[in-house]
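First subunit A sits with subunit B, and in the next complex the same chain sits with subunit C.
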Partner chain A sequence: MTFAVSTATRPATSDMVRRLPEYLMIWVPLLLSAAHLIAFSLWTIWISFTPSTLVPVSGWVGLRNYNVVIASRNWQIAFDNLLLFGSAFVLLSLVTGLVLAILLDQRIRGENVLRSIFLYPLAVSFVVTGTVWSWLLNPGLGIQKLVHDLGWISFRFDWLIDRDMAIWTIVIAAIWQSSGFAMALFLAGLRSVDADLIKAAQIDGAGPIRMYRRVILPTLWPITITVIVIQLQFAISTFDLVRALTNGGPGIATQLPALVVYDLMFQRSLLGRGAAAAVLMLLILLAVLLPYAAWRYVQRRRAIHA
Partner chain B sequence: MRDRTFAPSRILIYLFVSLIAAAWLAPLAVVVLNSLRTNEEIAQGSMIGWPQHVAWGNYVAAWSGFCVAETCAGIRPYMLNSALVTIPATVFSTLLGAVAGYAVSLWRFRGDSWIYGIVTLGIFLPQQMRLLPWTIVLRDTGLMNTLTGLVVIHTIQGLSFTTLFCRNYYVAIPQELIRAARIDGAGFFRIFWRIILPLSPPILVVTVIWQFTHIWNEFLYGVTFTTGQQQPVTAALIALSAAVADIPQHGVQSAAVMIAALPTLLIYLLGGRYFVRGLTAGAVK
Partner chain C sequence: MPVTTTRRQLLAGSAAALALPAFARAQSAVKPRLTAISQWSAGSDGAAITALGKKFEEKGGVWQHSPVPGFTTEMMNKLRAQIIAGDPPACSQLKGPEIAAWSKIAPTVDLDAVVAAAGYEKVVAPDLAKLHKPAGKWIALPLQIYSTNMLFLSKRAMDKAKADKIPVTWADFNELAEKMKAGGVAYPVANGGTRPDDGQKFEAALAGISPTVYRTAIMNLDTKALQGPEIKAAFAQVRKIADWMDPNVGAQHFSTNLKRFIEADMGMMIMGGWAQGVLRNAGFKFEDFIIAPGPSDNGKPVFLLNADAFIFWQRKEADLQAGQTLMAQLVMDPAIQTMYSQITGSIPVRTDVDLSGEGWSDGQRRTAAALKDAIASNQAVLSLAHNMAQENGLTAAMIDVITEYVKNKTIKPEQAATRLAEAVESAR
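Right, the complex of A and B next:
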């Protein structure tokens, strides 16, 4: 079927005018969105190379802001915390999510209710959940106090005020809040495993454990990588949760990059350094996302050629 | 995996799942119970306990009584701020995203895939990269410390998500439908209004729920770009815990936390299915 463009109806300029609302509606929102993303990123990168403090100023200081930020104790602690928090949280939420998905996949009663229970924290603000966890984990108020009141006086669970352990309180809260996400993706993956594959393994006499280890779980690894990347992205930009749970404390023991950025920009008014810290955050994120994008690209090419 | 192994292993599975579910519900239960206990009762024991006398007064105090900084109007003004930011920003970003998604998926124009690719980068770009520019833009346009400023920010930034959601949905609509309508002389808006929009309710529900939840729960922009009476409820909650640090009022605070969490929790209860769809749609782009 071919349709000839009727050349009769083409009075160029009046047509353009007539279609102006359409052009505006298509281009204005898309351009605003795209322009703000590119311009704002470049703007922040530019500020990171200037000596700006209270207000942005022009001038060029090269990498000085970056050097100062990287050499600061605040950033170093934040970066170490990010490595620990990122790996512990991602690994544990992955395991929790997978276990939950496998359990829910056993055709159990009340699956919908259970799924809703594991996912509801995602609908709630991190400020709210962080606040609640700060109460539960506060030794004078929460779990430790409860156990003491019950008579076990020597019980100790005071990570919230322990410099070395405080970061683990954030791990706990983050796992609780977002394991449901991993579960949802894994469950979708488990449900889409080829039924013939399972049949064949059953005929071969594979028991349930063998079935999961040898047949079902290997099909899940693309989902696993997606979950890891998304959870890492969340870990890198974690801000609200820490703000509500520990506010970076005790001292600066639970500092994370996003808190350093905020602190430099809006509490110490060191805009150049704050911008440099933001760019460093972006670089950390890119270190995760670029390999992922490359992997996705290869996967897609392979799918096309297969 | 059925018949014989039924009894013991099944019971074990149910037991295990129920235990985890209880752990997942525990924080919610603690806040609900504490919101019904008096401050004194909590101060005597721990935050974990059953209310001796149900203290509904906490909700009254939390809603309109307690003080943040100098003003004693409870959490109500901040809830109103959050609503005044979240509702318009959700509506605008969803509508604009639907039109944009329709344009890049079905209307097609020169450069569509390029601009779409850039727009979706917004899903990954950390907010921290946009904080300073937004500060400067809001200051220069006089929108600093206004709810309008937050609406503008959330509308523009939300476009990355709404365009992605709608585009991925509209891609499945056959192109022939649009071609036929164009031959009949229907224009961009007519096709959107007559053909696309009637097909859209499922994805619009997903998008609206996603945007509402995210904008309501957002904290960083709220705390950076507004102060005092202009703050959304998430920022106000942090201010509240700081304000009462000397004399804790955990009963009232719990009630405030519950009130702040209620809108998104209710939406989740009513439309959880759609919320989860948004969650996984964003993930497996």
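Right, the complex of A and C next:
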């Protein structure tokens, strides 16, 4: 009885109590991970200004670590590779994902099975993807040998050991891994296009190609941007895939920033320089994420005003 | 009659029960225990350290070894984490100049007394001893020695080349490689594609051309020597070697291709003595291959030293301290070193171990003889590729240049030499 009375007089509190599990479920993990993220980012930034080598030490060396990292051949190669890998991977996985999604959207039989097949690579860890592709692409063991054994002796597919082309093997493996993800998002987008819009276009006599170009695809561009941003942040932080596939080789031809960070911190025991490289990576990431956040903000403002 | 138990009795009883295990522990407080980490988890390395653990247990100790598979640096990551957490292992694998570097970040055990008691100092090569007592006191103990520039010859490839002479100089080596090529051996040089692999090709070339320059340029980082003609000559020799290797190996480990080596698809292998253990572990026979010292242009063997070692970290626990003493005694014991080296294919650290008996291979006997000769002619130098000559940061900077050179045939030897000198400057 007393309980009932108290609820009647203080409904707000009781509501809070009733929803406490929900708050706990959301806020505790959120705050913990935010604290982790922020605390360790700040710590890394601090370390990047110290002369730390084997273990973290205090001290101040200003921008020396940054200057050394940016001037190093490893970082320059890694940065160039990131530009090439990032743009090629994002663009190609976007196109592959979109084409797959459009093909699957034709109400074909066995769609569920096909969708699972295309999505399946996403469930495989990058190390596995990298290892499998490293065997497939190895000219002495994989595709090239298969074609040679079939009789086409002059066939060459040795990108894995060609320093100029090796970065493309990472693009291939990354696309195989994640174009299914782009496909899934695009498919959801395609399915959510207003049926009336399609009907109207049909009545106006639009053929399938024209319909996709003029009616359906323009509605997909918010999804496209989401896919681009997610794939870009994946590209920037790529580590395990390239480590398993080429390990930065041949030589140091396929270095990527994350490999440089790991190499400096843990192989060379230069914590300060590794931290500086990590902060540089964070800056590259922010260069992608901040415009995206700004774009989202503008979108929301527009939606509210409209 | 009902049993009545007062609360006081119950308390006393449970207190006694709780105290019992502690009492038992106190009784055998001297039971030595050792927490150890190393990278040796599988193959002959894993077998050897497991055998060492068995011996430790036979002496009444508790053996707690946690292997961290992979390259040495991965083991170091665990070690670093444990040291930062204030909980270092009683003993860990560590070698070369890293012993000096790491001993500055956490207190180590002074082993002088136990080393003196064993009379160990007299039987260890002086250069090697220096690495294990960076501040004048023994804090680490070498366990086994490898030469990183042993030359492995495939018997069947030799037959194909109709050759039976073991090459002594680089000119001999190059001649034999040409013969093998002509005789139908597809790739006269067997190899893996890892960074240490590439580094070994270079250090073997340079030390073989001039051990003196190797010492001044690579070990002492003399700028003038680093730009000298011998470095260019070494890079030129590495280019020849690279041209004889299978380019398709990508980033594979050398052990992937051992079968092709034995079957004469590949002919010669410049590899550390540990390859013997790996070959034997893979089921190949001593008749399948020949082991000889790496090419040396002055005819006297050059020995590129790589020595595995254990460093001992200070612990307060009495049982761990007892374990450290027992471990140190075992590591210095000639019988243990014999057992260990016979499993892994290395040679013992002690120069007074007799290798004429059964269980040793010709290759090991040749390696031990080479070490003796090399020490006598001052041609025993420390390996770069296996982190004995320099600390990790400098080593990695130099290997960057070497590995890129091995894989990129458009780089000229002169360019590589300049880049090597630059890499040393910027990493110093």
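Definition applied: the second predicted complex is superposed on the first by the 274 of 306 C-alpha atoms of A that agree within 3 Å, B and C clash if a C-alpha of one lies under 4 Å from a C-alpha of the other, contacts with A are read in each partner's own complex, and residues count from 1 in each chain.
Definition applied: a contact is a pair of C-beta atoms (placed from the backbone, for glycine too) under 8 Å apart; a residue touches a chain by one contact, two chains touch by 3 or more.
Please read these numbers as outputs of a predicted model, since none were measured by experiment.
With both structures placed on the common chain, the touch criterion links A:269 to subunit C but leaves subunit B unconnected. Touch criterion met: A:226 reaches subunit B, while subunit C stays clear of it.
Of the two partner chains, subunit B is the only one that A:188 touches; subunit C does not reach it. Of the two partner chains, subunit B is the only one touched by A:132; subunit C is not.
Counted by residues of subunit A touched, the larger count belongs to B, out of subunit B and subunit C. With both structures placed on the common chain, the touch criterion links A:71 to subunit C but leaves subunit B unconnected.
In the superposition on chain A, contact of A:38 is made with subunit B only, not with subunit C. Shared-chain residue A:53: touches subunit C; no touch with subunit B. Residues 56, 138, 141, 266 of subunit A lie in contact with subunit B in one complex and with subunit C in the other.
The residues of subunit A lying in touch with subunit C in their complex are 53-56, 68, 71-74, 134, 138-141, 158, 160-161, 163, 246-247, 249-253, 263, 266-270.
For subunit A in complex with subunit B, the touching residues are 3, 19, 21-22, 25-26, 29-34, 36-41, 43-44, 47, 56, 100, 103-104, 106, 108, 114, 116-129, 131-133, 135-136, 138, 141-143, 145-146, 149, 176, 181, 184-185, 188, 208, 211, 226-227, 230, 233, 236-237, 239-240, 243-244, 258, 261-262, 265-266, 271, 274-275, 277-279, 281-282, 285, 289. Residue ranges of subunit B in contact with subunit A, taken from their complex: 1, 5, 10, 13-14, 16-17, 20-21, 23-28, 30-31, 34, 42, 45-49, 96-97, 99-100, 103-104, 107, 109, 115-116, 118-119, 121-122, 124-134, 136, 156-157, 159-160, 163, 179, 183, 187-189, 213, 216-217, 219-220, 224, 234, 237-238, 241, 250, 253, 257, 260-261, 264-265, 267-269, 272, 275-276, 279-280, 283-284. For subunit C in complex with subunit A, the touching residues are 73-74, 76-77, 80, 83-84, 101-102, 104-105, 193-194, 246-251, 391-393, 396-397, 400, 403-408, 426.
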